[in-house]
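Each of the next two complexes has chain A plus one other chain: chain B in the first, chain C in the second.
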Partner chain A sequence: MLYQPQILEEALTLKADLGGDVDALAGGTDLLVALSRGQWRPKNVLDLSRVVERSEIRKADSRFSLAHGVTHAQLTRLPVRALAEAALSIGGPQIRNRGTLAGNLGTASPAGDGCVALLALHAEMELTRAGRGSRRLPVRDFFLDYRRTELRPEELITRVVVPADWTSAWHKIGKRGSVNISVVCAAVARSPQGRFGVAFGSVGPYPLTAPKTEALLNAAALTPELIDEAAAMAQTEVSPISDHRASAAYRRAMCGTLLRRLLTEHFLNGRD
Partner chain B sequence: MATTPAPPPVTDKPLIEPSPTPYADPPPSPVGASARRLDGLEKVTGEALYAADFFPREADLFATILRSHEAHAEVLSIDTAPAMKVAGVVGVYTHVDVPGTNRQGLIKRDHPVLVEDRVRYKGDALAVVVATSESAAHAGRDAIRVRYRPLPVVGSIDDALAPKAPKLFPNGNVMGGKRIRKGDADRALAEADVVVSETFQTQTVDHAFLDVEAGIARWDGRTLVIHASGQWVHEERRLIALALGLPIEQVRVIQPATGGAFGGREDLGMQVHVGLAALKHPGKTIALRYDRAESMRARHKRHALRIHYTLGARGDGTLTAAKVTVFSDEGAYASTGPAVIRKASSHATGPYRVPNVHVDVYGVYTNNNPTGAMRGFGACQLAVAYEGMIDRLARKLGMDRVELRRRNLVRSGDAVTTGQVIPLATGVECLDAVMDRFRNGGRPLEPLPPYRRRGWGVSTICFGLGYGDGFPDASRAGVRFTRDGFLEVLTGAVEYGQGLLNMVAQIAAAELGMPIEKARVIWADTGRTLESGSSSATRQTYFTGNAVKRAASELKEEILDIAGTHLHVHPHEIVLRDGLAVTRFGEPRSVPIAELVADGFNRGYELSVKALYKPATLCENFETGQSPRAFITYLFVSHLAQVVVDVETGQVTVERYIACHDVGKAINPQSVDGQITGGVAQGIGMALMEEVVMREGRMANANFTDYILPTFRDVPPVETIILENQDPGGPFGARGVGEPPLIAAVPAVLNAIHDALGVAPHTTPCNPQRVWELLHPEQAEPPADIRFRTAPPHARP
Partner chain C sequence: MPENVSEHGGAASPADDSIWHWRCKVNGQIIERDLPASTTLLHALRDHCSLTGTKGACEEGECGSCTVLLDGAPVNSCLVLAAQTQDCQVTTIEAMASGRKLHILQDKFLAAGAAQCGYCTPGLIMAAAALLKQHPDPTPDEFLQGMEGNICRCTGYKAISEAIRQAAQEWPTPPEVP
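Take a look at the complex of A and B:
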């Protein structure tokens, strides 16, 4: 059965009622690939792409609140550098026009570029279950294991909230210039108070943060020496594997390289 | 007073009026014009029918193929009974049901249509399931129970050559070889002032054409008609007839619109399988299609080659000797491997004068996908090696790379690797054109951060077109006028996107003075056209182009004869141009060709001519690899790539690209340009990212998420330079363009990386990790692909 509600409440009620028997479908850019590979055989589908106000972006209290259906194309214009650049690096124009940030979180791929930017930004997300209201959750608490998340079968991701006043930056290594899966990607963000967020993609079972590296950066003023220390530390915090996309050694080394580059180019000497 | 007569008034008018003919300037010939694609409109509007478009609109029944679960195993039993119980399944067929030889393979006929007792790679076909729907066919396929006795998987060249390696074929694991012995390479190397050595490893590449294998077949009790995309319909007909035990005249193969081939359709795909299903269900139209994963897992691939190359030179840069040993992963069956090996060896020293050459090429069976034809066909991998060696040598000598090339490139009258003398060698001209464009053009360079380095690399290659090596190589074509005033060309040759239809139409139209709009092509249908050989080996413009030109010029004689009786002059005094027969001398008078055609039919002319073009090449000597005419003619090409390399991450960006091709004559310049640009894109793919990853005989990346093809972002605008040094034997002087754009592109990119880093790449593709490992060899991890796990053996098998 295909459900195509136009009102969020209706979608939430359906999800709460059917739970695991219905799968949310946003842009479909992950699900349709799974469908054609025979990896997704849904009983019922809840199409969220007709819900009004799904694309809404609100700004309040130096935060952007993004509705569940905000697409990567929309995010490329958001003045939050790491998230905008991550969004611009996703797929090609067609994928960015359809694919959503909520879908990126829902898939929870280790290579989810949007997830990595959100982790660095200490973003929060809102999970809602009809009848029980919403719970706010740091994105950092969302990922549990390989493609396992905090999302319960009765819930939908309704909003993502990102700080609007942080400095942030993003870099991705892939094998080509577009429609480019991350071999490694990294995001760094810093609050106006000087609190850092560091995250990496494709170097663990899910998008990873680097808390020890963050602590190092939070503790002292940024200098080239500290950057070197942080880059070395970050390499100890990731757990990449070798597969047909790249070797573990390369990925680990790149975490250091990208962190050093991002910190040097965007954060040292108060740049950006 | 005497008056003098007034002088005549001065005017600007010449004393003799020019005749009011519209032909003061001859109209442009269709040859050399970028005429609109004959198949363009129907393709961009979606009206053209590709094989998958017949599907399912014309199908009565659907077939699918069960493929091996094992890379290497004895097949103990195939239990089809559970499949027959699946709703909708109407037939399940195994090797016992195949009425003919049950064999395919372009050279060795060693590839079972349906495996009898032993599977040799994961794409091996075991059974064909026919059902009333595609999903029922798939369910039936999945219900079949196969019992195997697994055998050790021979996953790499090293595995295959190991002393205790399981024998994949009764004669062992070495499929065959090819050698060249010219002069005394060992001695010349010992005496050389400088010697450079390297081991190269090129990767397995997939053709990745857009239009995956599909087809429909129908058997009406008399003729088996198969609509499927290949590259040589007449050979396909022979192979299908043999495999299915049918007389050849009972098989008809028709090519639908086709989206790319690149050599990937030279071997049969599903044609025999769908044909078998049709034979078992007379009167029904059977449809069979692959998905992308099956297309990638079943089809042959480009050979991965390991090339040990030693090059010697005098102190002044003059090349003296090359010693080359090549091991090629042939995969499970021979495919066109024996020919690929020969092409690799005959192009081992490329466009350079090397007096002493010693080449050994070995093809080795493994349990990987069979490897066979792909654009470049062995010559491509060797170009990676010889062009890489020239740059290594230049560094060692402290010599300019371009100068070193100019010094050693064959000039007209010099011989290439095979000893064949090249009457018109234009490698130097191509190289100079590319360098001139590079130095006198291009945008100002953006400054780079310290971790990005810029470099440029150049390549010059030569390529022998056609099958060569004494292999029979012929094209036939028909040219005729129709009663509705069209010029019709009939050719068995295949159009798969390269522009063949325009090539033949423009040649025929030029020869007959007809506008291209009045030309039509009937092509690649064994029921209606004569054999024109394969659309491969860069041969169709030369071979079928010549056959068409011959037929057209004979037809022209008939038209001229008829025109003579209309214009009352000798036929020699008439030219055909722009749809008219026009008198050559005196006051031009003309008559429309359409009128002559109508009159000709009324007077009983057939106005239909067939012609054969079949030039001979000479077999390379078995011991020495030498032949005075290994190939009918050679193409020369030079490319230049400018790249930026991120030395910390290993990412490579191609910033600028220049390609110069001497094509003899560009029949359709826009098509030539398109072929060059596409080939460069494919070459950039091979140089930087494309790679089939095999694990224990299974392709680990059989999808476009992980088989990385270049995108628009990865290919800069290609600045093409077309040289036209006419080939004396080619139609209108044309040679061809097909494969060389890819061949030259790979080494140009690799040499640019070498220039940027100061370290020379030896393994393709140069993806970020590989480039990084070049700079950090201590960090290099064996790749996931088991074929590259061990050090290359330097010993001969």
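Take a look at the complex of A and C:
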């Protein structure tokens, strides 16, 4: 059975009632690939792509609150650099017009570009269960293990909240074109008070943060020497594997390289 | 109102759990079909509407040969369920020519020799139409970002780029994309 609610409340009620017996479908850019490969055989489908509130972006208290169905195409126009750049790197326009940020979180791929940007930005997300209300949690607490998350079967991701006044940047090493699974990607963000966020993709079972590196950056003024230290520290905090795209050693080294580059180009001397 | 959608368009009736009453405006015409709910837009168009101009190749979102416009925006029809286009507008390659008069993009593709096997061509033309509608004079970045979802295995991209650039020079004089 395919359910196609037009309002969020109805979607939430269906999810709460059917729980694990219904799969949420947003842009379908992950799920329809799985359907085509015979890897997704849903009992029931909850199509969120027609929910009227899905595309809403609100700004309040120097934060953007993004509804669950905000697409990568929308994010490319958001003045939050790391998130916009991550979104622009995803697929081609056809994928960006359909794929959503909530779907990127829901898939929880280790390579999820949107997830990495959100981690660096210390973003929060709202998980909602009809009848029980919403819980807010840092995106940092969402990922538990390989493709395992905090999301309960009765819940939907309803919003993602990102700071609007942080400096941020993002970079991916990967193949150019729409076949774009990253070899490594990195995001760095800094609050107006000087608090850093550092995150990496494709170097662990899920998108990773680098808390020791962040602590190092938070403790002192940014200098080329501190950047070198941070780049070395970051390499100790990731746990990449070798596969057909790249070796573990290369990925580890690239984490240091990307971090050095992002910090130097976008954060040193108060640039940006 | 589709039969398995409630009054507020919400929960389905348990009467039928596999057939979806699809209603959609395709190339300006309202189409209604009963389809398995898991039918992709690509197969709805090709197998249920005899609109075989839209091509399926990878069916995994990688190649763009299945590109159509959904409410004006390019999407991979292989990654959208027909049901997800309920009461929307879909534009396919069949709508580009008016009668025997080819669309400017089709003309320029012919003139530039931008097609060999031609399998990628309908998708490229739809992606290019969307690009030029948004950016009639695209910068190199806009051009790349607009076309990076489409792959051609035969021609290389030189003639294709040339054809789109030439169409851009005569844009937006040609007939509007419906």
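Here, the second predicted complex is superposed on the first by the 269 of 272 C-alpha atoms of A that agree within 3 Å, B and C clash if a C-alpha of one lies under 4 Å from a C-alpha of the other, contacts with A are read in each partner's own complex, and residues count from 1 in each chain.
The rule is short, and it goes like this: a contact is a pair of C-beta atoms (placed from the backbone, for glycine too) under 8 Å apart; a residue touches a chain by one contact, two chains touch by 3 or more.
Note that the coordinates shown come from a computational prediction; the quantities given were computed from them, not determined experimentally.
A.B. asks: Looking at A:98 after the superposition, I want to know if it touches chain B, chain C, both of them or none. Which is it: first, second, both, neither?
C.D. replies: A:98 contacts chain C only, not chain B.
A.B. asks: Return first, second, both or neither, reflecting whether A:198 touches chain B, chain C, both chains, or no partner chain.
C.D. replies: A:198 contacts neither chain B nor chain C.
A.B. asks: Quick check on the superposed pair: does A:6 touch chain B, chain C, both, or neither? Answer first, second, both or neither.
C.D. replies: Only chain C; A:6 stays clear of chain B.
A.B. asks: Between chain B and chain C, whom does A:249 touch in the aligned arrangement: first, second, both, or neither?
C.D. replies: Once the two structures are laid over each other on A, A:249 reaches chain B alone.
A.B. asks: Residues of chain A touched by chain B versus by chain C: which partner has the larger set?
C.D. replies: Of chain B and chain C, more residues of chain A lie in contact with C.
A.B. asks: Please indicate which partner A:88 is in contact with in the superposed arrangement: first for chain B, second for chain C, both, or neither.
C.D. replies: Only chain C is touched by A:88; chain B is not.
A.B. asks: Touching A:14, do we find chain B (first), chain C (second), both, or neither?
C.D. replies: Touch status of A:14: second partner only.
A.B. asks: May I ask you to decide whether A:116 touches chain B, chain C, both, or neither, giving the answer as first, second, both or neither?
C.D. replies: neither
A.B. asks: Between chain B (first) and chain C (second), which does A:33 come into contact with in this model arrangement: first, second, both, or neither?
C.D. replies: both
A.B. asks: Is A:173 contacted by the first partner chain B, the second partner chain C, both or neither?
C.D. replies: The first partner, chain B, only.
A.B. asks: Across the two complexes, what residues of chain A are contacted by chain B and by chain C?
C.D. replies: 33, 36-37, 92, 176-179
A.B. asks: Help me check something: in the complex, which residues belonging to chain C touch chain A?
C.D. replies: So the residues of chain C touching chain A come out as 4-5, 8-12, 14, 17-18, 20, 37-38, 40, 59-62, 64, 67, 70, 73-76, 78-81, 83-84, 86, 127, 130-131, 145-151.
A.B. asks: Which residues of chain A touch chain C once you look at their complex with the stated criterion?
C.D. replies: 1-7, 10, 14, 25, 27-29, 32-33, 35-37, 45, 47, 49-50, 73, 88, 91-95, 97-98, 176-179
A.B. asks: Over in the complex, which chain A residues touch chain B? Could you list them?
C.D. replies: 33, 36-37, 92, 173, 175-179, 181, 183, 242-250, 253-254, 257-258, 261
A.B. asks: Can you list the residues on chain B that touch chain A in the complex?
C.D. replies: 291, 293, 451, 648-651, 653, 688-689, 693, 695, 700-701, 703, 705-706, 708-714, 767-769, 772-773, 776, 779-781, 783-785
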